[in-house]
Structures are given as structure tokens and as C-alpha cells.
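Each chain carries a letter (A, B and C) given by its place in the written order, and its residues are counted from 1.
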Amino acid sequence: MTLHATGLSLAADGVDHLKEVTATFRPGRLHTVIGRTLAGKTTLLRVLAGLQRVDSGSLTRDGADFLRTPVWRRDTAMVYQQFINYPHLDVRDNVAFPLRRAGLAREEIERRVEQSLARVGLAEFKERRPSQLSGGQQQRVAIARALAREASILLFDEPFANLDYKLREQLREEFKTLFSDQGDAVVIYTTTDPAEAMMLGDVVLVMHEGRIVQAGAPHEVFDRPATTTVARIVNDPPMNVFPGRIDGDLITVAGLPAGGVPGHLAGLADGAYQFGLRATDVGLAQSGVEGEVTFVEISGSETFVHAVAGQTPFVMQIEGIHDVALGEQVFMRLRPERLFAFDEEGALVRSPACETVLAGGR
Amino acid sequence: MPRLYPAFKYTVIALWACFVAGPFMWAATTSFKDANAVQGGATYLPWLQYEPTATGWRNIFGGSGGVDVLGPFLNSALVTVAASAISLVLGSLAAYGLSRFRYRAGFVKNSDIVFFFVSQRIMPPVVLVVPFFYLLQVAGLLDTVPGLVIVTVALLLPIAVWVMVDFFNGIPREIDEMAMLDGCNPLTAFTRAILPNSLPGLTVAAMFCAVFGWNDFFFAFRLTFTEIQTLPQAIVALNSSIPPWWTLSAAALFGISPLVLLAIWVERYLSKGNLSGAIR
Amino acid sequence: MARLDLADVGHSYVPDAAEERWALKPLRLTFEDARTYALVGPSGCGKSTLLGILSGLVTPSRGRVLFDGADVTDLPTKARNIAQVFQFPVIYRSMTVYDNLAFPLRCRRWDRARIDAKVRQVAEALDLGGRLRQQARRLTADDKQLISLGRGLVRDDVAALLMDEPLTTIDPQLKFTLRRKIREITEQFRPTVIYVTHDQYEAMSFAQELLVMDGGRVVQQGTPEQLFEAPSSTYVGWFIGSPPMNFLTVEHAREGLSLGGRPLAAAWDAPQVTARPQVGIRPEYVRIVTEPGANTFPARLRGVQDHGAQRVLEVDLAGQPVRAKVPREDGVPGVEEFLVHLPRTKILPYVDGRLATLP
């Protein structure tokens, strides 16, 4: 079963929620849709589910029109960001609800409910009402209901965004195993977190302002972001992007003294460029670019140091947890061999060499 | 100062309690008096101040010199239950539509439609009674139970719609959506996913309907004559030039008893926490 | 602002319960003046009880609460001079931003000029300077939360600022800016802050010191760096850091410890216990190497998680799972069997789930 969207557009109150969205969702693949809040990710899922109409465009399922199929005949399961369950039903009946609607035999319902609750680790909570469960457990109930249906389209709208991070870490790891044997189902998962998109996705679609701005295998999107916008979206913290110039074999970036053009950028025409550098490729050093620390964040096991050099803000990602004071003067080392070069409109011109990868990629 | 405050608080509460309970006390004592005791000034303590008799109570159940309130009671019950049930069914369907779908006719939007429903209760009943009279006459339903049920539905429907719209707005829309994704069409989504979660709202709406339906006097008075009579009508009919206060009191207490029982039941239901917290 | 002391404070919601079952086991704590603290832990760990005791909402079953040395144990909330920010913004919807901020001062009968100066100073810091005349109800959720915070900051006499999960209801996109704003403001006004959250990122980004709570106890108190580098228990090692710390069961050898039959060198002496010790190491410090040497062990690759700029390699080391976090550019080992290096200085000893000796 393949879903094919062509030119889907939806605007309301002068805002484009979807703009000319064309994409193919293939069976047995996990598609992650990454974009910032309000990029149109939720709207896209709602259109695929039949919960929202579009202004124009077409949607087909195995070549047959799917836009006019009502929600209840789409064989689609969805898990919302908010933990949505039926408040009046206990966990068992919550999971059984769609199976009863589908008119399955009693024993079959029983079997699937048991099985899917066991898989999400809620076998002992069958008698509870959703309101008696923690947020993480409520979301597991919603996932169990989606699992039990064995639906042909599975949609996940930032399912773990409202959970705290230890739980998110755990569920994210379980997720791939849970849905690895969904056979021919089309699985679509939206997120704002690049690590999640990369880790879960067989295919990554990047959305921005209602458009799909890039789609491809995770490493393709990550290693060769088509534009500066994509580069910012698929990196957390966002990729540092700053203006610069190439003049012969000299390169100037962010108003800093000129240096030699690194090997991978050799042969680029003279002129103005935008350069990109991942937060992991800017580091604290004993000497280098001087900047002032404006903010420090800690994320899991990394420290993100935000600093301003002249007028250019930088963010550095440093492994481990470090105590860096606000307002401190620091030196940053930019790694020229890791520079991405974009033209003035923001389209990718040259990317740094990719590392050797065991499987997939080059 | 801090010691005075509780004293003040409880005095105010006690005064208010007397003010509310006073008329009931009066009616309760009067219903057990005879003509002499009633004429003998304000007395409240049975056996000490007057000799209690059950004449008033016997009178309302067909005793000599009284009326039978059982017939009117059944009429009232029939009209109230039927009209409330119809109003709840139609009202929650209408409210669900108003809560979930957007309607627009010119400048008229959902909120205007809800206001239109409620506005029917703003008009003085006198304005409505003439058209109702005419319509029932044309349909041949004057002085009949079905006629009175229809009129009462018209009165109760706005209340049901108003209460239920507010309640449905509080149920996340995602629950309907999920039900439809789970294979329900819009109607089964309503009956299987939304209604079971709406018991608290339905209870409140049903209570309002019951109270307003039960207490209606004006329309019953103007639209029924000889064939049927409702309880409020029967009670008022007792009020002749020399009112039999004991019978009147007994009838009045009997008339409000179903509402008191209903209130006690709903209150218990409320305190068990069944109403609040059903959603989240 | 003040220094807060808890002297032997404990609390049980059930009277006469055994101490093991208290919601907060008796403890001794000091919150220094002008420092920021975060209480973190799962729900039911006792952090809300502790906050309640500080705010006066809960009278502890035992012990005394001191604000700058003065006993406030029996004082109600309003007599303690604390400012609170809750999950949901508490604002007067009908008032302007200015009146919201001025309200606590008017209640204290400050004169107008003084109120005006203070309100403007705080509003400037909150970036609300240009919106003082706006109705508070028209603001976004994060700005409303800033006003809740600002109302605590305008008062000069506040002993401490208590924040109870202030970012919970804020849109994820706005969380970052609000967190940054709160951090900047606390740097500027330097109140004593006690911040309760279940989100470790938030706690570590915000506070100078963290108190990790579990089962009614403070299991570790320290700077984010200390919690990361030397977790006092396997629980803290799991709770702080993502992915969590690796823990490997090791054997006593003739000299020191061994792992999978090979000697394991460490910067400390092996704990003298009969129980089998564990060693902990952060995934960040586990290295994939090609040359055999000290503390290198053969390993097999079991799985790869691609996080973007980093990869987490799931590795089987002597039958035990170990995670290594490696930069993307290092790639994935091209052979099935390879060597893993556990740096000597980054290994910590754990016995019965607790850190045994500090190196």
C-alpha cells in the first residue's frame, strides 16, 4: 500500500498550512517528518487521516483517490501529542474499542488486546482508567490501541513531546522495535527533534512553512542539507550560519581574519557565500575567535554554549557537563574542514566530506 | 478580632438558614392543623400549642371537602418526564452540532444560534402564550397531554442546548476524531465516545429540565381547561376566597417532594465525585 | 534575600507512620543566600513536599525551618515573605501589566514614586517595558508567566523565590526563550531560588546546584558537573545524562579488578568488599580503538542509533551491554569485532548501587 500526495495545499487566515506538498509514503517504511512548531506537520497528518480538507491537490492510495474516503474507512490509526484516550473506558476497553467497531471475533479481540498491552508494558494496568495513569502510561495506552488495530496507516504526531526526557529516551528506543514488524503499514512520525528524526526514520522529510523542503534517507538530509533552513532544522542546536567570502585561496568568515581555503572548498568561484558550521564543530580553545558567553544550556550529556563574536552569534556543543559562566570571555576554534558552503540565496554549494559509513551512504 | 469573625460568620449563616427554612416550617406545621388552630394565630409546636390532625393530608388524597391531587400529579409527572426526555435527546444532538461544526448564515454564527435558543427564555411567557394557544388549537391539541408536552419541550429545549453546548465544548475534539479514526461514523462517535462521557452534563441538564417542567404553571393554566390539570394548577385551584390553609400546605409540600428527592439524589451523586473529573 | 535552613526536617502525611514510609525522610539542608537550586526527581520523590515545607503550605512532622536564622516553622505562607511562581501563570486578567506588577507594592502601601521606579526597573528586565499599558489577559502564556515572576521580584523583602514547574504549560518553542529569560533575570536580581522540576535539562540549565530526590531523600546534591562526573549512585548515573551511564559488573582479581578475564586498571583502589562491585562509565568516555593497550577489551557491535552529529553504538563487552557515544565523523566500526577502551580516570566504582570511593 502506497500513499501518494500531489500538490496538497491548504491556507487559512492568510497562512499557508500546506503549500504544494508532494510526497510518496511507502509501505513498511518509517517516515519521520521534522520541522519547527507550526511548520505544517500536524496539518499534513490530519489531511492524511481525513480529519481536515485541503484547498487543492490530490491524495491517492495505490493509485485510487483517497481524499474522498471518509475518516472511518481509511484504516488509519493516529497517536496525538496530547494523551488522548477514552476517559470513560478502562485500559482494556480503550484498546478493544476500535477492534469492536471493526467487528472482530471476541477471542481475536482478547488476543490482540493482551498482546499489544504486553508489548507496551501495561499488562498489569488493564482495569485502570486513563485518569489513574501517569502521562507516560497514558501515551502507552494510545500506542497500544494503534498497535492492536494492525492498521495500514499509522500516524504519530510528536507522541513523546509532552513527556519528560528520561521517559522520552526510553520510549524512543522502544518505538523502533515496536513498529519494526508492522509489515506493510505506512508509518509517519512527526517531531521537532533532529536526533529523534534521524534515529527512527528510514526516510526523513523536512518541513518548513507548509512545504516539504527536502526528503531523503537520514544521512543524505543530515550530511547534505539542501538549504541553510534545512541545515538549521536538522541540527540541534541549529547549525551556525554566517556570511563570508572566498577570494582566490583565501576565505573570510564572520568578519574574522582571512585563512586558507580548506581542501573540500577548493575550486569554488570567488564571491560571497553563507557558511555553515555545526555546533559540534565549534569548540572552546586556548586561542582563536574571541567571544562573550551569552547563555549556557545543558541537554542530556552535552553543554550548549552560546557566545557572540563581534556581531555573529555562535553556539557550541561540548560533550559532557561543564560550568561556563555567563559573560565569560572565551576563545572558539572553528573547524574549517567542516564548513558547509551555501550560496547567497541559501542553497547548498559544497558540503564537507562524509565519513566512512558501514552500511548505507557512501 | 480573630475570635469575633467565626461568631459573625455563623450568625449570618444561621439567619439565612432561618430565612430559607421558615416558609417550610410554616407549611409543615399548617398542614397538620385544623381550622381552629389556623385561626388561633402563629403557633409552631405540635401537641404543646395545637393538636395535630391529618385532615389536610387526607383531603388532598380524595378525602371529603378536598380534591384529589393524584391525577394532576400523574399529569405533571407525565408531562415533565416526557418533555425532559425529548428535550435532552433533541437538545444534546443540537448542542453537539453547535459545539463541533461551524455554521454560518450571513452574519449569524454558532454563538448567535446558541444565543437565539437562550433568548426564548428571556421573552416574557405572556408573549408566547397567544401563538401557542393558536397553534395548539389548529392542531387540535388544546387541553391534551401531548399538546402540553410539545409546549414544555419548547420551553426546556433552550436550557438543554445551553447546558450541553457548554459541556461538549469542554470535551476535547480529539476524542471524536479518534473515535472516527477507530471506525465510528459521526453518529456512532457521538453515541459511543461522547455521550458516555457526558453523564455529568446530562445530569445537570436533566435537573434543570425537571425543575422548570415540574414548576410550570402559566402555560398549563392557559392551555388546558377541563380535561387535564397539572399539579400546580390543582394547588392553585384550592385557593378559593376562604382558603383551606391546611389542605393547601399539604398539597404544596406534596408538590415539591419529588424535586427535593431529586435534589438529594443528585447531591449524593455530586459528592461521590461522579460528576466532576470525568474528563481529565 | 535570605539563607534557608532545614534542621532535621521530615514529613509524613500519615500520622504515626514508620519513618521508612515518610514522604520526606528527616534531613538537614542549607540553601545559601543568592544561589539557585533545583529539586529534581520523578513524581512522588518528595520534591513537592519539600517545597511545601519551605512555602508554609505543609507544617513538617518534625524539625525546624529557619529563614536567616529566624524560626518560621509555624508561620503561614503570607508571613514568610516568599514569592512563588506556579505551573499556571497567576495574573490579574483585568489589570494592565503595570498594575499587575505594582499590585504587591500597593498592598504594602509604598509611595507612588517608589512603586513607579521599581515597576519600571523590573519591567525593563522582563522585556515588558514597552507593554506596561497592555491588558494582562492579552499577553501570551510565556509573558504571563514572566509577570508572575516579576510580581515576586518587585518586592525588596522577599526571602526566597520558589518556582514549581514554571515551564510545564509553556509551548516547547517558547520554553527555550523563557528559560533563558528567567536565568538572565535571576543572574541580575540574585534572589535565592528554589526551582522544582521533573525535567533534568531544565534543572541543569537553570540552577547552580541540583538536589536529586528519590523516595523521600535527597540522593545527591551538587553542581550539574559534579552530578555528571561523579554520580553518587547508579540511580543518579541513570537519571542524569543521556544516554545514561554504563554500569558493568566486574570481578575481584589478584591485583585489583578484572573484566571478562582481563585486568581493569582504575584511578582508585578496589573496594574491599565481598560483593561483586560494578564500575560506571559515561558513554561519552567509552572509545573505539584499533590498537590493543591497557584497559582495552574486545567487543561486538549490536546496534547503532544515529542521533545526527553523534552516534550511539550499542556494544557487547564480555557479555554485558555498553553504550558508546561517538562523533559522527568517526564513523561506525567496519568490522564485527573491535576493541573498546575504558579510560582509567573515567571509571568509578559502585557497590550495592552506591559510589564506593571517590577517586
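FYI, contacts are C-beta pairs under 8 Å (C-beta built on N, C-alpha and C of every residue); 3 or more make two chains touch, one makes a residue touch a chain.
In this text, all values refer to a predicted model and were calculated from it rather than measured experimentally.
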### Query
To reach subunit C from subunit B by way of touching chains, what is the minimum number of steps?
2
### Query
Given the two chain pairs A-B and A-C, which is bridged by the higher number of C-beta pairs in contact?
A-C
### Summary
subunit A and subunit B have mean C-alpha positions lying a whole-number Å distance apart equal to 56
### Message
Need the CA-centroid distance for the pair subunit A / subunit C, whole Å please.
### Response
27
### Query
Which residues belonging to subunit C are in contact with no fewer than two other chains?
none
### Message
Touching residues of subunit A toward subunit B in the complex: what are they?
### Response
49, 51, 70-72, 74, 76-78, 80, 82, 84, 86-89, 97-98, 101-102, 131, 145, 149
### Complex contacts: residues of subunit C adjacent to subunit A
43, 171-173, 176, 179-180, 183-184, 187, 198-201, 204-205, 223-225, 227-229, 238-244, 282-284, 304-310, 325, 327-334
### Query
If you look only at subunit B, which of its residues touch subunit A in the complex?
172, 174-175, 177-185, 188, 192-193, 196-197, 277-280
### Message
Residue numbers of subunit A touching subunit C in their complex, please.
### Response
36-37, 134, 161, 164-166, 169, 173, 192, 194-195, 198-199, 218-219, 222, 234-236, 278-280, 295-301, 317, 319-323, 326, 338, 355-359
